[in-house]
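Each chain carries a letter (A, B, C, D, E and F) given by its place in the written order, and its residues are counted from 1.
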Amino acid sequence: METHTAKRVEIVIEAPLERRLTDALNEASVTGYTVLPVRGGSGRSGKWTREGQVGRAGMVAVVCLIRPERLDELLDAAFAVVEKHIGVVSITDAQVLRAERF
Amino acid sequence: MTEILSLAGENLISPIILSFALGLAAALARSDLTIPEAVAKGMSIYLLFAIGFKGGVAVSTHGIDTTLILSLIAGLILSFGLPLLAFALLKILTGLSVVDAAAVAAHYGSISIVTFVAGTSVLEGRLIDAEGYMVAVAAVMEAPAILSALWLVARNGGGGAKMEPGLIRELLLNGSIVLLVGAFLIGAITGQDGLDDIASFIVAPFQGVLCLFLLDMGLIAGRGLRQSRGVLGAGAIGFAILMPLISASIGLVTGMLIGLSLGGVVLLMILSASASYIAVPAAMRVALPEANPSIYLTLSLGVTFPFNLTLGIPLYLAIAQAATGG
Amino acid sequence: MTEILSLAGENLISPIILSFALGLAAALARSDLTIPEAVAKGMSIYLLFAIGFKGGVAVSTHGIDTTLILSLIAGLILSFGLPLLAFALLKILTGLSVVDAAAVAAHYGSISIVTFVAGTSVLEGRLIDAEGYMVAVAAVMEAPAILSALWLVARNGGGGAKMEPGLIRELLLNGSIVLLVGAFLIGAITGQDGLDDIASFIVAPFQGVLCLFLLDMGLIAGRGLRQSRGVLGAGAIGFAILMPLISASIGLVTGMLIGLSLGGVVLLMILSASASYIAVPAAMRVALPEANPSIYLTLSLGVTFPFNLTLGIPLYLAIAQAATGG
Amino acid sequence: MTEILSLAGENLISPIILSFALGLAAALARSDLTIPEAVAKGMSIYLLFAIGFKGGVAVSTHGIDTTLILSLIAGLILSFGLPLLAFALLKILTGLSVVDAAAVAAHYGSISIVTFVAGTSVLEGRLIDAEGYMVAVAAVMEAPAILSALWLVARNGGGGAKMEPGLIRELLLNGSIVLLVGAFLIGAITGQDGLDDIASFIVAPFQGVLCLFLLDMGLIAGRGLRQSRGVLGAGAIGFAILMPLISASIGLVTGMLIGLSLGGVVLLMILSASASYIAVPAAMRVALPEANPSIYLTLSLGVTFPFNLTLGIPLYLAIAQAATGG
Amino acid sequence: METHTAKRVEIVIEAPLERRLTDALNEASVTGYTVLPVRGGSGRSGKWTREGQVGRAGMVAVVCLIRPERLDELLDAAFAVVEKHIGVVSITDAQVLRAERF
Amino acid sequence: METHTAKRVEIVIEAPLERRLTDALNEASVTGYTVLPVRGGSGRSGKWTREGQVGRAGMVAVVCLIRPERLDELLDAAFAVVEKHIGVVSITDAQVLRAERF
């Protein structure tokens, strides 16, 4: 089956920032992404779990498949939001079916 | 004094407070007892809807008091003003940075609706009436404190405060405010008839739901305290007890000046004394990301919330009774 | 006419409708108010269980009416037939493709159980009795419309319709249908004794739960409307108002022909007039994936549902009262 | 005998049992009916809180019985001892490995709180009083059986049992135990006054919530049975029916020896006869990971739970009535 | 620690299709997969979030670790289901511990 | 945008073991990880879904970004917990922004 080269970007970010991140992605014309819930985690700012939160606290994971040539635009947009906040950005090489979808 | 103590004692052995204590103890003992997030959010929606609705019905039956406008203005001023006081006090008592101190100050200018709900249920238990529109005052007091905090940061050279265009809209259309005010309006429009329709949902089981909700609050507060052990000095903890006392006094004077009833005065004291731990923390993550969440959450949720719930509310009630002669 | 208006006015200021309006307004104003999915699903399970159970108890106390079988057959025929009418109307009023039109038609042949629940609670408020087995009629009307839609696509050369073997089973064993019918049977078996056991759970708080549930429906409908702005033309929106009126009239005639009581006639009108937004959309994603979900969801949930809830129900009641002289 | 049958018949057509049957049937028919996990967990928290609280209130009003301590000790001994019996019986009836047999044995020494709750509600329906502290006995019986199982594995050379330091703490501070005991203490402290505050939450809707909860248990049990078809032989299934009968007899003798009331004896029989499917399975995954979960879950949840719920409880009640002459 | 080469396939698909996808995987003898919930996302068919849904709507993510030589079978099976539906398929190179597990 | 080489380790493990796994990671000085909820899955021990569970059953996915040179330590720690239990460990090559974060 024919596949196309892509980058898979995974951004773990604080939930209150989710809308700001997706807005920034939109502005950078990145309109394809999937948001996964996060149950808990640990990092430099300590350990937390979903059930220990009140309100909109906690984190989400945003997964983005993108053409390799557009990666830097995406990272710039994401970085502007993530920069001062708690969060992690990772990138892996991927293949996708159906290039028209991204 | 003995009366205050007996009042406090009575308050302390209510199912509500004991449920909170159970949650706190379970979390401190590292039990895996948890209430699913969705259920906790469902209960908070229930409580906001019920308290807003009942406030609206009270307004519809008692008519709009002349002090309504005054109360709303007072709420606004308190929410804008108390953070300045809190900030000054923090500068004296603690070594927190400008950004951290401002973030904490925002929490103490804003309110905790659960503390408010617990207060109304103590008043109901003692058959003390309060102005129904106090829930509107609560809504009005949620957001302004955040603006004061951002202003404090800007003024004290804390650079990082971002007053994004979207933020104010977000604050005003915050889910809790919309639900509280919306339910208030529905209650005011449908009045006693509306209440009769749904009383067996929003009145009868209210206390019980509050128990389970406070159990969860206890769990969360306990887990927070456990994780942030050592983060806070004695000065900060002192602040988290002293500040509500000062705020309550200011609320007392304000409430008496604008002519609220005994119940209304107590609720204004509680609103002033309580500190936010839902709306303001979320806003701080957006507007003051450099501020350390475990400082402000531990103070508001770990210290001030339990203090108000257990000792604060009966104390404020006793003081208000003494002051108003009620 | 004035009576219709006053009835509609009364309906509009009930806590139920105002809660829906609050949700709608909050979503349109882009508030972040949300009800957790699990809680919403929990409430819908509660409502289905309660409505089914009460229907079963009514059947057990009033005995099985001779019109029961007729009503079930009428429901089947309506659910099979209304999509054909809807499809023809859509072809006249809109430029939708065959697949999109058939998908929309399926929704209007099926039913919205929440509209049905709101209808029963309006009837209860006016002390109008209805046949308990109408919930069984509701169950029977859920799925057939989907088959009609697939047949419409096949017949009109829309190629893509997949009548997979698994689909019919899935439709008939759909969670809502199983729960509704199951609770109906439990109610019918345990009768008044069973109801006495659990009345303070399924009767007393029912209206209140319905308020919160409709708040959520308002939020979802509002969000849907906001996201699909511009997707729909005036023709489609006209359809979403006209079709329920036509269906309700057909329901009226059918209900009177088979000899239902006033309440039963109104409920059959409501079932006919209401459009599905849970079972049918899920089935369409499987069977007609080429159909655009935002078209059918916006029409059924964004236009027809609010229309029926606010104006439709009191209108159908008034018409039925005039027609039956009840 | 006819009395037992009529009692069983009456029990079988209660809304509670029929709701369980509905869930079972829906799952076996592969309906997609599901209750969200968060809602199910919310209901179980509600049930534990309510049952614990009411037990505590009963103790506070009736005073502490001299048999309280004896009952707790009896519970401990039963929970430690029954697994040894279960293990021996499994060795006779089945070809299970040492590890699997020990894991199953742990479940039958521990308890199912839902079976206990269903039992109390049957007793209430028949106006039979029981000692309030039986909920404390239930709490005491949850964990010891796990230790017996680990000891059985060690003794029979099953090597893999890990008695990690953390495990005992985890077992004792298990969420269900903490909630049950905590609510019991709150009920005991606040007494009748506390109950009056929250009765319309924890008493009135209790039966109804139990219906929905058992609906979910039926769904889960049914799904489990469907997935593990063929895993179990006749010997294992025979064990899952025989063991509760033996345990209930031992519970009967024990309860009469320590002087419990009729209701108390029935509840001790139910506790002895019931098998865990929440706390013990989780502990087994940690301590005996080599044991096959589908064996112990199918036996305890798929066979013994439905058996106790439908036939067991009325049977134990009838036997106890005959034995105590009550 | 010894690891084995594998492919990690991630399929984001509409929830009502989940059973059909896993049935198709089963038929292709792919019996190892993990289903993750999805909170929301954006693509050609617009933006959506979990909380704006009624019923079984929304999407899920199915993650599959598979031996490289069996990738094409898996993709064929998945594609037959995803083809006409909303959804995205991506593949990354991976290593796994314990080859017997997949 | 500058990125740093990393390994992305994904561990699917039974929920009752979650704390033991994160404790083991901590002891191996791996303090950065994210826990994702899992809705269901299939493997050698059969098929399961979130909604068919009672209590704390089910699985979680723990995602860990780590410097390549520390991978073995992490795998050793994880393996000690996962070994006897139901679960899957996979590793992919990744890049991360902000090396100080991991």
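The rule is simple: contacts are C-beta pairs under 8 Å (C-beta built on N, C-alpha and C of every residue); 3 or more make two chains touch, one makes a residue touch a chain.
Predicted, not measured: the structure shown is a model, and the values here were computed from it.
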item: Set of chains adjacent to subunit A and to subunit C; value: B, E
item: Of all other chains, the one whose Cα centre sits farthest from subunit F; value: C
item: Equivalent interface positions on subunit A and subunit E, same or different at half; value: different
item: Most widely separated chain from subunit E, with each centre as the mean of CA atoms; value: B
item: Inter-chain centre distance, subunit C versus subunit D - centres from mean C-alpha coordinates, in Å; value: 41
item: Subunit B-subunit E separation of Cα centroids, rounded to whole Å; value: 45
item: Shared-contact residues (touching 2 or more other chains) in subunit A; value: 36-37, 47, 56, 92-93
item: Sequence positions of subunit C contacting 2 or more other chains; value: 32, 34-39, 42, 200, 204-205
item: Interchain contacts (touch definition) - all pairs; value: A-B, A-E, A-F, B-C, B-D, C-D, C-E, D-F, E-F
item: Touching residues on subunit C, where the partner in the complex is subunit B; value: 13-15, 18-19, 22, 25-26, 29-39, 42, 125, 200, 204-209, 211-212, 215
item: Subunit D partner contacts - residues on subunit C that touch it in the complex; value: 36-39, 41-42, 45-46, 49, 53, 169-170, 173-175, 178-179, 182-183, 185-186, 189-190, 194, 197-198, 200-202, 204-205
item: Subunit E - residues contacting subunit A, complex; value: 10, 12, 36-44, 47, 49, 59, 61, 72, 75-76, 79, 82, 88-93
item: Residue ranges of subunit B in contact with subunit A within the complex; value: 34-37, 40, 160, 166, 217, 219-220, 223-224, 227, 277-279, 281-283, 285-286, 289-290, 293-294, 301
item: Residues on subunit F engaged by subunit D in the complex (per definition of touch); value: 14, 16-17, 20, 45-48, 50-57, 84-86
